[in-house]
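Structures incoming, each one as structure tokens.
You will see two complexes here that share chain A, one where it goes with chain B and one where it goes with chain C.
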Partner chain A sequence: MEKLVLYIFYFVVFPGLIFTAVIGLLAAWVDRKVTARVQYRVGPPWYQNFADFFKLLGKETVMPEGAKGTGFLISPLIGLAGITLVSTIVWVINLNLAPSFVGDIIVVLYLLTLPSLAVILGASASRNPVAGVGASREMKLILGYELPFVLAMIVPILKSGGMLRFDSLLAYQISTRPFLYSISGVIAFIIVIICMQAKLTFVPFDIPEAETEIMAGAYIEYSGPALAIFKLTKAMMLFAVPVFIITVFWGGMHFNSLASAIHAILKYLIILVVVVLIKNTNPRLRIDQAIKLFWGRLTIWAIVAILFAMAGL
Partner chain B sequence: MKTVIPIGPYHPLQEEPELFYLTLDGETVVDVDVRLGYNHRGIEKIAESKTWDQITFLIERICGICSTSHPIAYCNAVEDCAGIEIPERAKYIRSIIGELERIHSHLLWLGLAGHFLGYNTLFMWAWKWREPVLDLFEQTTGNRNHYAMIKIGGARRDIKNEDIPAIRKCVDSLVAPLEMITKAAIDDPVLHARLKGVGVLKKEDAIKYCVVGPTARASGVAIDVRKDEPHAAYDMVEWNVITQESGDVFAKAVVRLLEMFESIKIIQQCLDGLEKTKGAEFCVEVENIPPGDGIGRYEAPRGETYHYVRSDGTNCPVRHKIRAPTYVNLPSFKASCIGQTISDVAITLASIDPCYCCTERTAIIDSKNGKKEHLGEKELIRLSQEKTQKIRKKLGNQEGQSPFFLEK
Partner chain C sequence: MKLKTWGLKKSIWVFHVSSGACNNCDIEVLDCLTPKFDIERFGMVLVGSVRHADVLLCCGAITRQSAPRIKRLYEQAAKPCFVVAIGGCACSGGIFKGSYSIAGPYDKIIPVHAYIPGCPPKPEAIIAGVVKLLSTLK
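Right, the complex of A and B next:
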């Protein structure tokens, strides 16, 4: 019973929903601020994303005529639940909160697709043709990036000798060295960063919500709290996905001492700024070009990385 | 399955209200339909009730971006009608204002094109560099937009010779960022992937659809009113018509980027001309416009602007006809958009640098039942009379009084 309460606390407060949401919204502020500075603008104050979120909560959710109500309203929650679970698993492992906790890399890979599936579900339920185009693009994008993403994830598994559990992956990296510090690790890491860009639907892969083409695509019919939850999910992904990648490739995040805490935060900020800079120095790709990139060049490099890993490099 | 996606009348892609119906087969566009009429203001009709001089202010308001192109074309038309020769200094002033406008208009397009591609950094940077040009306008003409510098018979105000060094400095300072952005755009592999071979308007199609301006020049049709029918100072300075052969959106971008350098060249030479003609007359007195008609053309940033005026010897024109470049360029979408995917259509629609305010004509389309019905003048009058009758009936059939008066 006590354990159940503890797990619920993990999920809802720390390091799950509330913690991830707060840090995620702050990370989204870093994104907006860096973007603004790159574009010679001032940028919003640090609490802007919180203000936006709470303002949306107070607005009405308009249901489009003919929409499937359940699907339309439940899909934001599916996405939110998925990303919360990812964040909880990754952080519980990283902070070693529950030593008996079993975190599996395949489960996280699966959960990470939930926000995208939720977008597809919600868009299809809204019965808007533009949202339909957005949903079909999101679907193609998932099919595109999942292949190199999963292939690149095989590299750390191979290097650790077939470990699928997070805690053993992490322990292996601590006892030897992070997977990133090897040729195969670097290649896989770059592939994963590019795939993450698509997972976060940032430029150049913001194809499903291209504002000037299909007017936010999948999100077009959303308003009020439902939209707020989608936005929150995106902000949380901006925090949870990089932390997942750091855990798998870069030796995780530790807060034992001040130095290690700074080290951990720096790792995250570096990835965040790289993501934001890629976002700001590229135009949007077309969906067929994106798929060509993922299934072509990136998949080939992922296979090369796997071969290197098998050779022990 | 075919779906019809409307782009507009209000859409993030458009800075002005306009409606495109894209018929899609999957993601491929199989048909385009353009609906005009959301911005119709009846400028030609208003012009008939204004005096010759007032019209220069009126037509400046046709468009906020090419707001000096219309007055130049109009003054050319009136001067053609009255046989007026403008002083040399006025020619230089007209060219300087026209070319500065071209620079800021092309930078505006570049920014918007970046935005349409999701490249918001390019958007912000291009608009940042547009700002000094607008400041220069404010310094020389008093306004950032709607400069009111053109007058029948010359220029309304002089550009002071003391201002010339500052103008030179500002124009020179644009060269470095323009070179940087041109290089960045021409060498960027992702921009290549997005723009090359997209929305191709073949040379035959360009001629068939009679496109003008950068849209035509990017398809290898070297037409430019400034060269073909020299006016203002364009035959007194050295410059080149920029053309590209491929006709895709990338070529249109390159044409616009390189044209800005030509504009800078023209401005520098015109400033020399201003220095030479220091203290000279910059406007001739125009007493009246004799009966007759005149045609004026000017190469606006988007292409040829055409003005026709007819005078009966009074202080107003009896007919003033305007044809703006976007009106000519719009139909070419039939050639350039069909067969593209919807993501490419967005940038193709933007590639002609559409300016709907200039384009609007009375469009008579019954969209209630989705049928295209073209109503003639008689039907319109009948509809209007029927509506008046309906209102009268509703208000209790009190004839002879204005229905609006009765509503109170």
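Right, the complex of A and C next:
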């Protein structure tokens, strides 16, 4: 019983919903601020995304005519639940909060697709042709990036000798060295960063929500609290997905001492800024170009990385 | 309640409505988004869908063709949503006043919360108008 309460606390408050939401909204501000600085603008103040969130909570939810109400309103919650669970699992392992807790890569890989599936579900339920275009593009994008993403995730599993659980992966990296510091690790890491860009639907892979082309795409019919939850999910992904990748490839995040805490925060900030810089220096790809990139070049490089890993490099 | 109003004041998402303007006011609206004026400092962002909008920036006199569409657009927006008429044509009909093809200025079709006259108004005037509108919020 006590354990249940503790786990609910983990899920709702500390490494879960509220903690991830606050850090995620701050990370989304870093994104907007760096974008503004790249474009020689001043950029919004730090509380900007909190203001956006509270404003959207106070607005009306418009139900489009002919939309399927349940699917339309429940899909943001599915995405939110998925990403909260990812963040909880990854942080419980990283902070070693519950020693008996078992979480493995496969669960997280499944849960990470939930926000994208939620977008598809919500867009399809909204009975808007533009949202339909967005949903179909999101579907193709998932099919595209999942293949190299999963292949690249095989590299650390191979290198550790078939470990799937996070705690054993982390222990292996601490006892030897992070997987990133090897040839196969570097190749896999770069592939994962590019796939993460698509997972976050950032430029050059913002094809499903192309603002200038299909307006907001999948989100076009959303307003008020439902849109707020979608925005929150995206902000939380900006925090949870890089932390997951750091855990798998870069030896995790530790807060034992001040130096290790600074090291952990720096790791996250480096990945965040790299993502934002990729976002700001690239044009949007067409969906067929994106699929070609993922199934062609990136998959081949992922296979090369696996071969390197099998050779022990 | 207070948190909502604070959020609304600090985060205005604008949607650009053109009902047959000569494109001059539209260009001045776009000027506000450039690095020189950078309205994202105040949390204002241009959005593509009217469902996300808090403020409709309206340019041009309303033609007979566009009148029912403008009405529908306003009904589609999630409330609270404010309407700002930009330029002489949107405020009063401008030089097109009395023309056979004009259904009227904006306040004849939908409620207007702020008027920014000028042909075209400067970006500074547009920002000042929106700020004045926000200062009336409580």
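By definition in this document, the second predicted complex is superposed on the first by the 313 of 313 C-alpha atoms of A that agree within 3 Å, B and C clash if a C-alpha of one lies under 4 Å from a C-alpha of the other, contacts with A are read in each partner's own complex, and residues count from 1 in each chain.
Here is the rule we go by: contacts are C-beta pairs under 8 Å (C-beta built on N, C-alpha and C of every residue); 3 or more make two chains touch, one makes a residue touch a chain.
Just so it is clear, the model here is predicted, and its values are computed rather than measured.
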{"item": "First (chain B), second (chain C), both or neither touched by A:215", "value": "both"}
{"item": "Partner chain(s) touched by A:113 [first = chain B, second = chain C, both, neither]", "value": "neither"}
{"item": "First, second, both or neither for A:168, with chain B first and chain C second", "value": "neither"}
{"item": "Partner chain in contact with A:41 - chain B first, chain C second, else both or neither", "value": "both"}
{"item": "Which superposed partner A:223 touches (first chain B, second chain C, both, neither)", "value": "second"}
{"item": "Which superposed partner A:207 touches (first chain B, second chain C, both, neither)", "value": "first"}
{"item": "Touching partner for A:57 - first (chain B), second (chain C), both, neither", "value": "second"}
{"item": "Partner chain(s) touched by A:32 [first = chain B, second = chain C, both, neither]", "value": "second"}
{"item": "Chain B/chain C common contact set on chain A", "value": "39-41, 211-212, 215"}
{"item": "Footprint of chain A on chain C - complex, ascending", "value": "3-8, 10-11, 35, 38, 40-43, 47-49, 51-52, 54, 76-80"}
{"item": "Of all residues in chain B, those that touch chain A in their complex", "value": "3-5, 11-13, 24, 27, 114-125, 128, 188, 190-191, 193-194, 341-344, 346"}
{"item": "Contact footprint of chain B on chain A as seen in their complex", "value": "35, 38-41, 129-130, 132-133, 136, 203-204, 206-207, 210-215, 280-289"}
{"item": "Sites on chain A touched by chain C in the complex", "value": "32, 36, 39-45, 47-48, 50-62, 211-212, 215-216, 219-224, 227"}
